[in-house]
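Here's a structure for you.
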Amino acid sequence: MQYFFVALLILTPITVAGSIVELSPNILFFLSALAIVPLAKFIGEATEELSARSGPASGGLLTATFGNATELLIGLFALREGLIEVVKASLTGSIVGNLLLVLGTAIFTGGTRYKTQRFNRTAALANASTLLLAVIAMTIPAIFFQTAPSASRSAATESLSLLVSLLMITTYLASVWFAIRTHPYLFSEDMQHYQAKWTVKKSITILFLATLAAAWMSDILVRSIEPVALGLGWTQLFIGVVVVAIVGNAAEHTSAILMAAKDKMDLALQISIGSATQIAMFAAPVLVLASVLFPHPMSLVFDTFELAAIILSVLIVNLIVGDGESNWFEGLQLLVAYAIIAVAFFLHA
Amino acid sequence: MQYFFVALLILTPITVAGSIVELSPNILFFLSALAIVPLAKFIGEATEELSARSGPASGGLLTATFGNATELLIGLFALREGLIEVVKASLTGSIVGNLLLVLGTAIFTGGTRYKTQRFNRTAALANASTLLLAVIAMTIPAIFFQTAPSASRSAATESLSLLVSLLMITTYLASVWFAIRTHPYLFSEDMQHYQAKWTVKKSITILFLATLAAAWMSDILVRSIEPVALGLGWTQLFIGVVVVAIVGNAAEHTSAILMAAKDKMDLALQISIGSATQIAMFAAPVLVLASVLFPHPMSLVFDTFELAAIILSVLIVNLIVGDGESNWFEGLQLLVAYAIIAVAFFLHA
Amino acid sequence: MQYFFVALLILTPITVAGSIVELSPNILFFLSALAIVPLAKFIGEATEELSARSGPASGGLLTATFGNATELLIGLFALREGLIEVVKASLTGSIVGNLLLVLGTAIFTGGTRYKTQRFNRTAALANASTLLLAVIAMTIPAIFFQTAPSASRSAATESLSLLVSLLMITTYLASVWFAIRTHPYLFSEDMQHYQAKWTVKKSITILFLATLAAAWMSDILVRSIEPVALGLGWTQLFIGVVVVAIVGNAAEHTSAILMAAKDKMDLALQISIGSATQIAMFAAPVLVLASVLFPHPMSLVFDTFELAAIILSVLIVNLIVGDGESNWFEGLQLLVAYAIIAVAFFLHA
């Protein structure tokens, strides 16, 4: 597996070369998307290595920042291009994709090997309630925007977005504190006793280089979204929700399935649901705050369709992990829910 | 009880005679509605007998097809008449009616005899998550329709409806496979060891005759809906949601209450929640697909009011069965929820 | 603590005097708001004392009526002034405030002292399903109003409101019957064996005087809402949702935190969730029915924003109490949810 990802690193120089000789946007789009996959993987590994050496508190903060580095990078470059709808779509896609596609595939794969797989309900539900809080934090501004009197609407929504974003980031940091300081025993032991294999220097070098390369690839990816959307007749919404989200979460996807296949469901859930929570409670509000620096600021107001997809995903995941057991049919249900939402975004012209 | 249903069979020839001598639509409406009740009962019994003889796999398929034969027949005749709103209303009414009225009466009746009744949470929640998936499958097209740009809206919604319907039927068949093949032990033993009492020939004959008669009655019933709505000043929505739904589920209603009174709550839940799931995940998408053959195709887009009734019913049933126990007050809560929804549909001019 | 409340009683004559010498509305608003706090406390205590002496059945009824005496009084005076939006906002605020602010502070405070606090899931969920029923009862009329054809809309919504209100009050009385007669063992023992300390005469006298004084203060409070809203530039919605709701529930707030700090979580939950249930299922419909006597009747139709706040609060409380355990982070989540909603109401011009 590791060799496969190392081999994929060759895609980064190929993509750079391709962008210099001005290949067609369609080719550049797929090259850069694929190139991000191994980079995300190495960013993840370097973060984990550094966390293992740095002690829980700063380790938690590291994971919070670099855990979704690719989503944040793609988001920042898209904000710079003014592609606000693409940013919102890819945030939606990352949340929905982690909850339904990643978790669904993991549960389904695990379920084909084991009749019933068990996991820690309390830890799963701790994440679930944070997700529901994220749903509240994203729903209130949307309804606010739809019902506020039009005169003061934009300014008031903007203030609300910024305040809610600050509250979300604070809560996310509190959840890191909760998980690593006050209640670590609630979470899987497998996650706590990770044995570092790399030196600090090696970890920092890899983290630095992989993040730099991922930033470059994200830039190329984002620049090609508009021409690709035009060329293939796909909507920017679909590209954001499905393509960008799958690319950005490919690493999580692989790990979650591997863990489920080894019957380590606590880890599989932590990766998928934890990643969705991180994007909703950290990446999304960070991008909202960062957008103030760009010409077109982004509010927390997601459109009804995106919001419905997020709310329904959170509800079904809650119901499915709520009993502390999983089986192949529950995995299938999540995958079908994902298929329905993906088809709808594809057709939503 | 059995004799009572046999005696009610006399209503079938009476209704046929009445339709020949052209009785008033009001009388024909109530005669045909009542005539369907015993026929639904015999279709159900013949299906169960055949299933017991045919082995689980084909038995499951039989139940899937004939389990809601009356709803499907009424739906097909109403589609032929172009009464698309009535079909959607009666699907809504069947789902809401099974979840709130049938289950509510069963839990309330059981609760007047037993202080607390217990049942298998896991099996109940397996059905509950399928129901939530049905909610997703019905909500996404509705929001899609409301938010899609108007130019391509009808065509895109039509495609989405058909694709989602295929996904729903596939999932439903997978749930049958799950229940009878890979995880039968999750479900009540009472359901598995049914001892067939009729010969195959007798079962097939009864199934054939009862279905034929039910089709005839459905035809008469559906034809009288429009004049009855005009004559009594009732809305077609109310007739679909309340009257047609109660008639189509009278058999489930009786069995669920009998089971609850004998403290066989697993069966009572399986009948009511299982029947709602079957209608949502099988009957509804089958009617959507079948509607392509008629001049007015029907989409999966339910109106906001119907959708809200379904979503709220699914949520409260989840909460009430989620703890694996029931009592009279929980039954009352479901009945009050039903009363609120029924009154609203009655007043919704 | 007790002495503090006794001392605060001095605010009642001060407020009366202030209203006679026509102090500015801003000062009268804050004086009367503060004056209500100790009165609500004594109404609550006198009710508890009387209940302990009067036997469970009439005790339950007493609590139902006087448990939210302040909310009812403020509501009635606001109805008289035609401030229908203020009444709805303060009902919303009382429900949301009890579920998020009161319960959140209690869980958070308890969580800073105890690692994990446990409570009876069944009793908590019994209240939770009643709350969800209240959500149904409030959502159906709102969607009805939005989707009904405009010709008959007002009259039909009015009828629906009255019928649903009657159903809600009946269900509430049934829940009292359930809690004190048929299933008292589900609820905390601490609540059942309250030892009366006051004589019946003393209790009745205090109840009478405190209610009278609370009525007077409510009258002054309500009259000052409009000028205060104008003067401070606050919306009436915000005053209702946040200010009036905090004042009306100050007593519950204090008790719930004290109970949580003593690790009596069953009582803390009963006070906060029970109080929210009481307002939703009893105070709200009573005010709807009472409003028929005033020139401007009030329907059960809450606006989308209020409804969303209530629905989301009920969902997150369900998730958080559903596992029978709490910790500081769960308390924080509820408080953050409250902050988001309060900020939104403040900005909602």
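The first chain written gets the first letter, and so on, giving A, B and C; residue counts start at 1 in each chain.
By definition in this document, a contact is a pair of C-beta atoms (placed from the backbone, for glycine too) under 8 Å apart; a residue touches a chain by one contact, two chains touch by 3 or more.
Just so we're clear, the structure is a prediction, and the values are computed from it rather than from any experiment.
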item	value
Cα superposition angle of chain A on its copy chain C, in degrees to the nearest 5	120
Homomeric contact chain A-chain B: same or different residue positions, threshold half	different
Where chain A and chain B are represented by their mean Cα positions, the distance between them in whole Å	40
Per-residue multi-chain contacts in chain C, two or more chains	322
Residue ranges of chain C touching chain B (in the complex, touch as defined)	121-122, 125-126, 128-130, 132-133, 135-137, 139-141, 143-144, 146-149, 151-152, 156, 159-160, 163-164, 167-168, 170-171, 174-175, 178, 182-183, 318, 322
In the complex, chain C residues that touch chain A	115, 303-305, 308-309, 312, 315-316, 319-320, 322-323, 325, 327-330, 332-333, 336-337, 339-341, 343-344, 347-349
